[in-house]
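The next part holds the structures, each set out as structure tokens.
You will see two complexes here that share chain A, one where it goes with chain B and one where it goes with chain C.
So, the complex of A and B:
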């Protein structure tokens, strides 16, 4: 009986095990092998060429600008997203008249796909049909080229991403806020704390796990940015908005060098693993 | 500060933010039907942009079918794997159980782009490149950590007594799963199905890389291509009509299944 139950358990787990082996473990090993090989897209494996692909990464003139841009973009997005989603969560936390509506309004953009949202803003920022130029004109101002300069393209994308994801992070912070027992606020009030003091000394420390999750998710998501820049700016103007993942795509499918693309992918994986371990450690220690 | 002033400024802030969040959504719906010289809807309000979408390349219906097929298949794969796997993790002990569970969660740690390069090569060897079935398998991979986790905690929450009495009546583990357990975990099933459907429906980079034939394009890739083609002239009207077509199922599912959305996020928050 006990033996047959063990067998049954292994049988139920077998499909997941097979799937994870074929579609996760095997490609993980393969990407290591590819990163060490001369592997043109249309030809396939032409043998080990270590360390050419890795040495080629820093020789790529787009690499350091892409790393720099990705980090800058991540920094901006993370700060604004955390600030705004916290504000939204605080707005809808208490049950008041209208909070149900506000919750849905802030959350609605999250239901769209990132590619759909990017295509939406592609039209929204356009001179052809976008509402922004007529608006500026009505106010007596010059039209703006929303995607035309490196700075404008960066901030226009930041607006899109904040619009799309603030509601998602609001929900995570909202769950965190609602798990704080009301007695704690009551105690702070009895100790003479005002609204601001109890926010700063009660809410923020107790919200730490939720804030930590928001931090990790927004940092990881921004470092791996692809869709929004591929669709909205195509990496332009003048390659000023090429992210690291876009670089992988370009190496593989525009320069047809899967080996080089695999090498960058391995570096990105290693960097993210280290970063996540550091973030987890930091959050655990402080908590 | 007076309570009334506080309350007024609260509502002014909350409402202006709501306007900012809703405005782009309302605009895209408006722009898809409004008259504009640069689009296929020249005079008066109407569905000219949707008509041009119907006739664009392989046609809107083809792309809708491709997206639906891929999404439904992804949901089916994800549910099948996570039901069997979740049941195994929740109710049985077997060799390698913890390793397999951690390995499944570890998928989350590996960036999409890192796996797509080797998967592109592997799917070629398996005869699944440029195939929507191959695409659905890859999309399933990224749903697996959340789905298996969700189904494991769903099965664990079912009281053991129900199973034990069925076992006394001579039911086997498979009979218990299909005739008893599945009815108890249906909220989990809906959450997993909802999230995997939306992820597959909206995914962009995987179909961009893994599917190359124009007549096999899924909606996001087809609409993004539409924007790039026709000699530099972008059909902005058709693009916004495409955004509406892609967004509608997502908005409808949100309206119908709001509770399950929050449930999914909550389990994510607990996990962190």
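So, the complex of A and C:
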């Protein structure tokens, strides 16, 4: 009896296990093998060359600036995204007239692909076809070089990402807000808590699981940023917006060196793994 | 060496059997490992890839071939930005289509990696072999072995807006003959004010600079690289003169806004709107100009005159792993014949892959196309194994050099930055 239950359990798990094996473990092993090999894109595997690909990572003059930029971008995006999506969630949490419309409106940008959204914003920021500069000029102001300076390029991209993802994170936080029982607020009110106190001492602690999820998703997504910069800035101006994933792409498809690209990928994967473990631990401990 | 003798024996037997079978079937077909110089049309289905940038020309040729031949070609068009990634990955996995075109500057990467079949004998057997766009043939040749033929040509040429020239008091029929005249005329048009600007260029796009500015260096009698493509000469006096000319236009605000951040996605979109006086652009833009726009096309001048062009576009060859090289060659040979070159390419206002056919009815009515076709003879296609990663890569070393020269410190010594370019070329 026990034996057959075990067997049934294994059978139920088998499809997922097979999926993970084929689509995660196998590619992971291949990337590991690539990262240890001299593997030109056009030629294929030329054999192990450890530790050349790993040693070459820090020798790349773009690597440390790319790490720095990726961390700075992640910091900015995560703070703004979480703050804004929490605000939006609080605004649309109560069932009042029109909240359905606003929920849909905030969520709408999420349905667009990131590459499409980036192209849309590229046009938006363009002097030739975009509406922004003619608008500024009509108001008597100087046109702005939206992607022309390092600071402008960074913030123009941040605006795109916040517009694109705030609605998605809002939905996650909204679900979290709605799962808080009203009795808790009632008890707090009876204890004499004002609105700010009940937000800080009731809402935030009970929203922790949802906030944790949003934090992990936004940190991971921002650290792996690629499409938005590839389309909007191509890493420019003057290499000021090169992210780590752009370096991986560059090694593989501009320099035709899959080995070097795989080595950076492995390092990024390891860093993300550590970061996620730390985040999970921290969230669980506090809870 | 890789196969044991027994396997080799079996292979030889199989080959002999195949040969006998083809002889018995009446011949003409030719087995796949036998080179048939005129190609084979036996109803084979062939696969072909091209990038979106040159889709129109490829599609027209493929449609006409499929309509008139037993062989059928299945053309796959891949987004231009994605092409390098797709073809590179397919090459590494031995999954290339029978025929694939390639931006000619990337050709050396693929020919030297063994992705293309050596078609020297086939090319040399063509009656018109000497008339094929010479710079494309040169770039597709490695150690005397030819791998590629020109497929679609895209040249850099100067476009000028005759209406704006007339308004600015310039002779609308006289394009600039020197780079100084170019700057002078751009400033004159820019003085019209309002939405009108003198010129435009893709200031954050390495490939755009290469395509539009290098011809001025060549026309001035200088080189951009040594012959092997391993040493950069882009800090030479002529190159610096070219940079300084454009820098002057930037400082005088004669360049339309947005140049400094233009990554290459929209740089050709400005001129057709009718607000730019004169700028170098791809020849393929000729067919995309508004019909009512009064434009002229001229060669790109050097500092003190002369003329040149960057002969870009796509070369095409047969994949080394193709199982149907004779059938694939049938398409390539046919596409280069006079009828197709004239009736499909020239009729559409495109530049032909051959230099001996300019005297045709379509060009007689299209003087701008004649200007472009004549330039194929004098134009250049630079050769370097590391071209893409040095010049097209947005993180490559060329963009910092040219941006320093145009936007940076005016007294900057370009020697170090040029050294970075050489290091990338030689790596």
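In the analysis below, the second predicted complex is superposed on the first by the 264 of 287 C-alpha atoms of A that agree within 3 Å, B and C clash if a C-alpha of one lies under 4 Å from a C-alpha of the other, contacts with A are read in each partner's own complex, and residues count from 1 in each chain.
In this text, contacts are C-beta pairs under 8 Å (C-beta built on N, C-alpha and C of every residue); 3 or more make two chains touch, one makes a residue touch a chain.
Please read these numbers as outputs of a predicted model, since none were measured by experiment.
Asks: Quick one: classify A:65 as touching chain B (first), chain C (second), both or neither.
Replies: neither
Asks: If we overlay the two complexes on their shared chain A, which of chain B and chain C does A:111 touch? Say first, second, both or neither.
Replies: first
Asks: Once the structures are superposed on A, label A:172 by its partner contacts, choosing first (chain B), second (chain C), both or neither.
Replies: first
Asks: Please indicate which partner A:56 is in contact with in the superposed arrangement: first for chain B, second for chain C, both, or neither.
Replies: Touch partners of A:56: none, neither chain B nor chain C.
Asks: Output check: A:221 vs chain B and chain C. Expected answer is one of first, second, both, neither. What do you get?
Replies: Neither partner.
Asks: Of the two partner chains, chain B (first) and chain C (second), which one does A:128 touch, if any: first, second, both, or neither?
Replies: The answer is both, since A:128 touches chain B and chain C.
Asks: Check whether A:43 is in contact with chain B, with chain C, with both or with neither, and answer first, second, both or neither.
Replies: second
Asks: In the overlaid three-chain picture, which partner chain does A:88 touch, first (chain B) or second (chain C), both, or neither?
Replies: first
Asks: For A:253 in the superposed arrangement: first (chain B), second (chain C), both or neither?
Replies: both
Asks: Chain B or chain C: which reaches more residues on chain A?
Replies: So, of the two partners, B touches more residues of chain A.
Asks: So chain A touches chain B in one structure and chain C in the other; where do those two contact lists coincide?
Replies: Common interface on chain A, chain B vs chain C: 44, 122, 126, 128-129, 252-253, 258.
Asks: If you look only at chain A, which of its residues touch chain C in the complex?
Replies: It comes out as residues 40-44, 62, 122, 126-129, 133, 143, 145-148, 153, 233-239, 242, 246-247, 250, 252-256, 258.
Asks: List the residues on chain B that touch chain A in their complex, please.
Replies: Against chain A, chain B makes touches at 10-11, 13-15, 17-18, 20-22, 24-25, 27-28, 31, 36, 38-39, 80-82, 84-85, 87-89, 91-97, 100, 103-104, 106-107, 109-115, 117-122, 137-138, 140-141, 144, 148, 173, 198, 201-205, 208-209, 220-221, 223-224, 227, 234, 236-237, 239-240, 242-243, 246-247, 250-251, 253-254, 258, 262, 265-266, 268-269, 272.
Asks: Would you tell me which residues of chain A are touching chain B in their complex?
Replies: 5-17, 19-20, 23-28, 30-31, 34, 39, 44, 88, 91-92, 96, 98, 101-102, 104-109, 111-116, 119-124, 126, 128-129, 131, 163, 166-168, 171-172, 175-176, 209-210, 212-213, 216, 220, 224, 226-227, 230-231, 245, 248-249, 252-253, 258, 261-262, 265-266, 268-269, 272-273, 276
Asks: Help me check something: in the complex, which residues belonging to chain C touch chain A?
Replies: 84-85, 88-89, 91-93, 109-110, 113-115, 204, 256-258, 260-261, 263-266, 269-270, 273, 388-389, 392-396, 399-400, 403
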